[in-house]
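Below is the structure I would like to discuss, written out as structure tokens.
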Amino acid sequence: MKVARVIGVFCVMGAALAVFSTRTVHAQATGDRPKPPWDLVAKDRPWDKGEKIDLRWKLSPDDPDTIAFYRVYRSLATKPAEQVEFEDRLEVLVDLFEDLDVPPEQLRAAIEELLPRLRAAAASEHGRHCEYHHHARRAVGAVERYLAAGMENWELNRRAGKALSTLENAIPLSEVQRENEELETSEERKAKMHLTEPVLEELFGRQWKEMWEERADEIPADVRMWLYGRRIAAEAEAEARARATAAARGDAVRWKLVVELEPKALDVHTGEMTYTVEMLDRFQEYSFKVSAVNRAQVESDAVTAAARVQPVRQIYDGARFALMVIVFVICGAVMFFIQMARSGRPLKVRTIAGLSAVDEAVGRATEMGRSILFVAGIQDMNDIQTIAGITVLSRVSKLAAEYDARVEVPTARSLVMTAARETVQAAYLEAGRPDAYRRDDIYYVTDEQFGFVAYLQGMMVREKPAACFYMGTFFAESLILAETGNSIGAIQIAGTAMPAQLPFFVAACDYTLIGEEFFAASAYLSGEAHQLGSLKGQDVGKLIVGIMVVAGVIVATALSIAVLADHTVGAAYLEAIVEYIRKVILT
Amino acid sequence: MKRTIPLFITAIGGFVLIAAVFSGYTQSWGEVAAIWFDVLAAIAYILGGGNLMKIHLKKISDRTEGWAYSVVTIIAFLATLIIGLGKIGVNPSEQFPDYAWSGSYREVGGPFWWIYEYAFKPLTATMFAMLAFYVASAAFRAFRAKNLEAVLLLGTAFIILLGRTYAGVWVTGWLPDWLSGLKLENVTVTIMKVFNTAGNRAIMIGIALGIASTSLRVLLGVDRSYLGGGEE
Amino acid sequence: MKRETLIWTMVLLFGALLFLANGVMRGAGRAYVKEVPMQFVNVAEPGEVEADWIRYNSELALDEALCTQRFEEIPPELRVSWTRLEKAERGEYLTHQATEGADNPYRVSVSRTIGVWVAALFTLFLFSFLYKDNPLYKIAEASVVGVSAAYWMVIGFWDVIVPNLFGKVAPGIVRVWAIPGLEDPPNYWYLVPLILGIMLLWRLVPKGSWIGRWPLAFVIGTTAGIRLIGFIQADFLSQIRNTVIPVVAVDQAGGFAFWDSLKNAIVIIGVLAGLVYFFFSIEHKGVVGKTARLGIWFLMVTFGAAFGYTVMGRIALFAIRLEFLFDDWLWLIDPTMKRVPDEVVTAAATLLTALGAG
Amino acid sequence: MYEFFKTLDRRWIFLMMFLAVAVPILIIGATGRTFPEEPTSLARAVFHAIEDLPEGSKVLLSYDYDPASEGELSPMATMFAYHCAAKRHRMYFMALWPVGPQMVDDTIENVLKKDFPELEYGKDYVNLGYKSGYEGVIKVIITDFTELYTTDTRGTPWGTIPMCQEVSSVQDMDLLVNVSAGYAGTKEWVQYAVTPYPKLTMVAGCTGVQAPLLYPYIPQQLQGLLGAIKGAAEYEALVTECYGARMARRDAEGNPMVDDDGMYVIRGKYTEGIRRMGPQLVAHLLMILLIIVGNVIYFVERRKEGRR
């Protein structure tokens, strides 16, 4: 334990931290209100998608003695004035559509006035309210068709009116409106329940519910109409009441608790806390306030940020900066080595066992006078493994063309068939034997995984290919193929990046290209030096992994040791570093 | 020309989508491209289906061995296709009872559903179930302790197989509490959490690098085998 | 005919006869349905052009005067009806037969009974391959290829082409035809895949098939772009992130946790050793060779574990097929009591008791 | 004997496999007898996660699978619903897969309507249905249900469903239960719901293929996990042990039936997993036997070659 303690202290110092005096904690829970935090600043987070705002505030003077945590609030969003205006006008337009006596000119004027705003609503792609924008698009379509038909088609009029009223109903509520609504509906419900349930029971006895559901047609029509009347009355009453409550509440800023945050040792040390409020709506303005709560659960006054802030969406998404750097480094390394190989520098790469077997397999098929089966997985061309499989096919078919062996390529996708035909044809051309290319040896079977495999299984037993290649994405069918191939005594070479299927190929095939080896295979088989360069680039990627893992592990371990050594402040700094590595660099 | 333009299209398409990821405005482009791909793949069915018909009709007309089975394939294919595309026997949807074509082509009880339920499903499920047999024969034949690697492979499979039945629990159930880490079910969990996690991670990191490098080779036009022949 | 073939034919014939007898005498394999009437009424106001259909007898219908009439009395142009058949069990059929007699909404379905037999025979045909390739398997194989190819084409047409191509480019036509609710204005961006598709189909034309490479190039380019970023972000970074763990673990009480530390250390070593195995630049010799060997060991344990886990699911799948044969088709077992409510007697039980008595 | 095994035709193995699965199915189907289950700690954790919650807790059940994996997962789905209903928890069903609501409806029909007719839709359970977007759905409803779920699957507005008025987001749930067959499923729930909001507790049931990928999350993010049919069987054993009297078959007088050993005779639909463990056990033992025999042959052969 002592050793750990020493190491811990060392680590902390090594991390270039100042020496901190240990704090003494006066735990005195009082009933008094704690002093509030101060100097709250809210700023839009730069370089984001427009959904985050950074907050920073100074801790309450009572911290760290009595404060347990801080409460962060944000205002409930309201709608911008122009949106409210648009919604009002939309309502007017819907009414115009419903009123049959409106002269067409008036309707046209109203529509044309609103149309630009409608288009704007349709065009914006506002992720969280996709339904609203969807209806806006529909409404634009319906209204435009109506106008285009000269406003004479009655049915188009109906459709346009309906689309507009659907849009009106789909308008997303602001948070304030939604809260009002929730209050209303709960009261309305109470009112309804109160009225109908006992009445129904009185009318039909205790079994009213079953009767209602099963024998609805037996309830006399006048009773139904009467009940319906009661329902309408109840609804109206509830609505009036809800409106009254909403009005009484007024329009003051309403707050929503975002989070309760315990100050960490590091925060106490710096006397400052930060928090990023996420998931905000970039079409809204927000206010923020923060209060302190002490151990006796007494909340202080709140400090409010001076200005209302609206999140802004920027062209560049800064949250992905680290990703961009890593992409650049990996891609740069690959390109660098490709270029180096092109310039004629010799590159050394190790051999992969399965690859030398490709020649052997093709040769054996030629000797035995039997065909070669090549399966490029069961996924479509939008899977990189299929593409890698096709490039391997290119080499295999070139070899086959040279040896004069027949390659059969059944595919599970039409596009793969097309791509495979192009590839094989090119390979035969390259081998100088374009006449030997047989188009019909590359054919489509079915998209269905097990239909495809049922066909392959039968075909393999009947035609007994001497060599089987499985290169691409495979799922459960991997073992069916490999076992059938084995039972007919074929040489089998598999390559896939599906971790779950690798064991079956490893167990039942002669050679298996595991994961990354499969992607490397096409570069190897091409025999072109500059393609091999890309493998060196991949190795740089692996070095980066090694460095990042080792560095991360050292910091994380140092953190644990600091915790074990009870070095609070050191632990706090190290924790911040680990968090940064995990959440910022590696996200 | 015939090769340069496709190479250009490949590079532009790829690099634009890579760049699109880094802006909040364009992050949805990848999804749009995915939908476009689906449409393209669906159009390509015409090629695949046409090819299927051609092959089997050829077999029938040539009277090659087993041509009768080609007749079965063609009949099954055409019948399913016509019933499905024509929405034969499908009732309208409940929202639009007056639109004859509004119903779902897979409506429960319809002929297409019948084909799915009583031909497609049992056939594919049975093919899937055949794996139970192949797993057994593979275990018998391939799981032999030829070297240390093979011992590890079959040993782990052995422990997991045993640990996942009542027999496994019963075999080590007598172990006292302080040795509970050696109970088969716990050994299973440790293997899964430690060794399996490590192995899978290494494979996945490797695959990601392999995919990145392969993609790059394709985008840069270093690997262009898929583009076929023809003059430059 | 060879003697072996003769014997097998006899065995098969005998088996088939047994199955048939089981079907004919016990009615095994019969499927039942419940008839549910689907009745719709147009409650649009007179003069309204657009129809407003509601389900007769639904909650909504309570408010409509039209629905106070008997369904048959409603003018034929204002009503539409059909019968929906829901899956039912023999047990339900028997219960209702006892209480309702002629009004029983449950009945035997001929088409579904045939279906059960077809499904069962296809199942047996495919399994027959395990003995050896034979004409029955070939029939099943030919059927599955034909049916499944067409099945996916139908899905591609109705779920992709109609909504995502026609529905975007020419919503007007689709609206009056197949998707009445569609209101979207045209989105001409979707002409791009259409044009690419036409280029792809160009290879059916004898001249200029090279144009078909353009859509392929587009597909491959976009795929490469999406996957490059996707895999680096999702797999590469997240796997490294998960590996950033301390080799000295702290338990919840703040003390040193030996076993967790050991586990963490093994994970880190395993990941790094595994990566060394995939290293292409250096031959597997010396220290590198030994580390790579360690990496392979980790991979092998991973494969063994995946194998063990997958076996389980495969056997379950086979068990389900057999349950279908024994339960739905042959009526040999009835564990969920589909057929005889609250009674345990099954054919297999009788058989076993008979054997025991014998 | 040795020669026979050495040149063993794989069809004998096929036959053994067939018998290993078929015979137990028939015997179990005919006699109703099953193998006993000894639940592992993971299944116990799942059981206790539900059992130890106070009555009336809010449980979110997300059924993210399709008919293809019904064989492995529907026993779990049935059991989860039964257990929650028996404990009188309030159940919020939802689905991330398009066909998921069908699975939910099947469960409601088979379990809740048949065996808990006293439970009321909207007060005790609600089917929220499917929303497209995979993990995107989780990311939204973790902070606000009503962003996506304006109605339940029947079209009833959110605010008018009594039990929905009490929750505004997934964070209000006392427990998450997930039955998953792949993407989107347990992994996504862990990543986007439990990891950012560690207050949430979650248990899951998954297919055998998926299970290895989920082990790293136990027990911090996932309290318990039912892996494949074995997990389902263990969980069934725990629930039937606890609620056997209610789940048992009734005799003519309506009393629960008891077998010779005094155990309740559980209705077939609640023992699907346990029943399937019979063939599973025999088949696994067969596999183990095959591996052993294969290796014995291998070693004998090697020794012979060594002598030569």
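Labels for the chains are A, B, C and D, by order of writing; each one numbers its residues from 1.
In this text, a contact is a pair of C-beta atoms (placed from the backbone, for glycine too) under 8 Å apart; a residue touches a chain by one contact, two chains touch by 3 or more.
Note that the structure is a prediction, hence the values are computed from the model and not measured.
Using the contact threshold fixed earlier, the set of chains in contact with both chain B and chain C is A, D. Among the pairs C-D and A-D, the greater number of C-beta contacts is found at C-D. Averaging Cα coordinates per chain places chain C and chain D 18 Å apart.
Taking each chain's centre as the mean of its C-alpha atoms, chain A lies 27 Å from chain D. A separation of 25 Å divides the Cα centre of chain A from that of chain C.
For chain C, the set of residues that touch two or more other chains comprises 126, 129-130, 138, 140-141, 144-145, 147-149, 151-153, 200, 203, 213, 216, 219-220, 222-224, 226-229, 232-233, 236, 240, 242-243, 268, 271, 275, 278, 299, 302-307, 309-312, 314-315, 317-318, 320.
Contacts with at least two other chains are made by residues 18, 21, 34, 37, 40-41, 44-49, 52, 120, 123-125, 127-128, 130-133, 135, 137, 139, 141, 143, 153-154, 157-158, 161, 164, 192-193, 196-197, 200, 203-207, 209, 211-212, 214-216, 218, 226-228, 230 of chain B. The set of chain A residues touching two or more other chains comprises 323, 327, 330-331, 382, 384, 387, 415, 418-419, 422, 444-448, 450-451, 454, 476, 499-500, 502-504, 506-507, 514-516, 520, 535, 538, 541-542, 545.
Listing the residues of chain B that touch chain D in their complex gives 125, 132-133, 135-137, 139-141, 143-146, 154, 157-158, 161-162, 164-167, 169-170, 173, 185-186, 189, 192-193, 196-197, 200.
Residue ranges on chain D touching chain B, taken from their complex, read 8, 10, 13-14, 16-18, 21, 35-38, 40-42, 68, 211-213, 215-216, 218, 227-228, 230, 277, 280-281, 283-288, 290-291, 293-295, 298-299.
Looking at the complex, you find that chain A touches chain B at residues 48-50, 125, 313-317, 320, 323-324, 327, 330-331, 334-335, 338, 380, 382, 384, 387-388, 390-391, 394-395, 413-415, 417-419, 421-423, 425-427, 429-430, 434, 440, 443-451, 453-454, 476, 479-480, 482-483, 486, 497, 499, 502-504, 506-508, 514-516, 518-520, 522-523, 526, 530-531, 534-535, 537-538, 541-542, 545.
Put simply, chain A touches chain D in their complex at residues 128, 178, 181-182, 185-186, 189, 279, 487, 500. Considering their complex, residues 130-131, 242, 305-306, 309-313, 315-320, 322-323, 326-327, 332-337, 342, 344, 346, 348-349, 351-352 of chain C touch chain D.
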